[in-house]
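Below is one structure; the comments refer to it alone.
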Amino acid sequence: MPAIEREGYNPRTCLLYGSRGQALSIFMEEPYFNSKPVGFIDDFSNEAVHQATGLPIRPYAAWKHDPAPILLSMGDPRAKRAVAEKVDRDGLPWARFLPPRMMMPVAAISCGDGTYVSHFANAGHNVTIGRHVSCMALVSLGHDVTIGDHVTICPGVTISGYVVIEDDCFIGAGAAITNGTPDRPIVIGEGSVIGTGAVVLKSVPRASRMIGNPAIPIREMARQRLAMSRA
Amino acid sequence: MPAIEREGYNPRTCLLYGSRGQALSIFMEEPYFNSKPVGFIDDFSNEAVHQATGLPIRPYAAWKHDPAPILLSMGDPRAKRAVAEKVDRDGLPWARFLPPRMMMPVAAISCGDGTYVSHFANAGHNVTIGRHVSCMALVSLGHDVTIGDHVTICPGVTISGYVVIEDDCFIGAGAAITNGTPDRPIVIGEGSVIGTGAVVLKSVPRASRMIGNPAIPIREMARQRLAMSRA
Amino acid sequence: MPAIEREGYNPRTCLLYGSRGQALSIFMEEPYFNSKPVGFIDDFSNEAVHQATGLPIRPYAAWKHDPAPILLSMGDPRAKRAVAEKVDRDGLPWARFLPPRMMMPVAAISCGDGTYVSHFANAGHNVTIGRHVSCMALVSLGHDVTIGDHVTICPGVTISGYVVIEDDCFIGAGAAITNGTPDRPIVIGEGSVIGTGAVVLKSVPRASRMIGNPAIPIREMARQRLAMSRA
């Protein structure tokens, strides 16, 4: 402290698992992370992506025997969990990425295997991030934040202090999560989906699907909207 | 790819059309874009701005015969459209601006004449921006985003993947637009106004005026608020 | 102009008043501000923080006779006011911080004693900030913005043009405040609390507590939520 731990991050080359929007965004950040993607892993070929990037797109089996460190480049937490288990069984290496120090001035941050923090990210003291977490651009993580495995945090999300995000959550673009306290952190229960721009003001149980401000369950929002349209 | 195309961006000098808030913000970014404003175009003189900047403020006719590349520095899409047509008739040159590569690590972005992307902007793969678009600070554009002409995107806006913003839209500060799909992008219809902090969860027709989260038409919001205040 | 005034900012050493989340975040930004914290002022000892930072944590009386410039590192505006009055009575020096110019390309910004602007901050023309203001990461301040004393602006806040934030306000993470006009700025009255993610679309009187989008008083929100849950 306050040096940012960079050992074990930003490998010289990497393989991106997936070949759609998120994979292409990471591909373009090559000069930022100083890590060279050598190909995409995808069971479906994609001529447009091949043309745009010049990189090969091959199914997993084709890379398996000569892999570069792998980054899961997909948004869906369940897809990340399934693929991570497969790659772990094969014992292949994982990549993980942190911004250059100049671009992430704060944060002695701790990240698990296969985790990726994009640019213009902010993080306070005591942030712990699990495995295969995608933390996209312009995200702010407060102090004393714990993030589980396979979580996807979309661009522009603001997470305050004393927050726990359990495994397999998806936090939509521009969402905000208020702060807890040391004794009672705000907890986003396992497998929850926080919708685009939702503002979460209290803990939510596992498998919640929240939208609105203040955020409420999507089903309750639909009920209220219907009632309001008749009011 | 992944080099960011800088040819044709950030001219050595420029003229700012307008002399209010947005023009002055762009003026201050001179060292960032490495482009020197040489004056403001405005039919009304403004001694305070002249004093603050040291630059001349002159009506369009006075610059017309010796112009530097011009940037429209106003927020109102209709004003931009009207001025752009006038300047185009006179065949004067346009400026366009992109952040230095270090500050915009992602994005092989394509911008039309007179378009401006401010600092701390993020953009994914396959972003196409039209003419005379103002994309202000701390904006995130997802992948597969198309933005029409004369659009103004205020600071802190988050636009997700597979989104189309048609001509002449105004997207207010801190607004968020959710993601569409390749087959059904989210479309913000021509001439729409998305209010400050509005969270758009579905396509909106042309000339919509949306506020709230989830965003609804401003007139419907007024009706619901009235009903609620009596509930 | 457009040089950013750096004289009197970012002292070589500093003392952080407080030793919790905000103080630790500022501590980690040492290389960013090029200012070396030499200790924390706190009446309560904190072994974990001492271990994490290597710095002494001592009560105010113990630092009083040999202080470095002091930064108030706490979020609560009333706490900042009380401590600032005490330190002013003793005539001790204040620190204030602005990002390096490369990281804050815009803004000829004016800040009072003890004020701190964190990284990835954006500010337009004619921004005036009072004393002991904390302006955290990823904050956008529009043009013609005036901020009073002891204000705390949390990460990800977007403040538009022609806005006045009076003394002792707390603006929660991810909140947005819409723009006023030169004649009628949006005014956030003294001592108000704007909740996490709240979207303020009109002026609010002093001591308001606002949440939601559009923001309404927290008590009114509770009443409406109850009515809706029964609808």
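So that you can tell them apart, the chains are marked A, B and C in the order they are listed, and the count of residues begins at 1 in each.
Basically, contacts are C-beta pairs under 8 Å (C-beta built on N, C-alpha and C of every residue); 3 or more make two chains touch, one makes a residue touch a chain.
It should be emphasised that the depicted structure is a prediction, and the values quoted were computed from it without experimental measurement.
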Subunit C against subunit A, contact positions shared by both copies (same if over half, else different): different
Fitted rotation between subunit B and its twin subunit C in degrees, CA, nearest 5: 120
Geometric centre distance via CA averages, subunit C-subunit A, whole Å: 28
Multi-chain contact sites of subunit B, meaning residues that touch two or more partners: 120, 138, 156, 174, 199, 213, 228, 231
Contact footprint of subunit C on subunit A as seen in their complex: 1-2, 101, 105-108, 120, 122, 124-126, 138, 140, 142-144, 156, 158, 160-161, 174, 176-179, 199, 201, 213-214, 224, 227-228, 231
In the complex, subunit B residues that touch subunit C: 20-22, 24-25, 27-32, 52-54, 118-120, 136-138, 154-156, 172-174, 195-199, 211-213, 221, 225, 228, 231
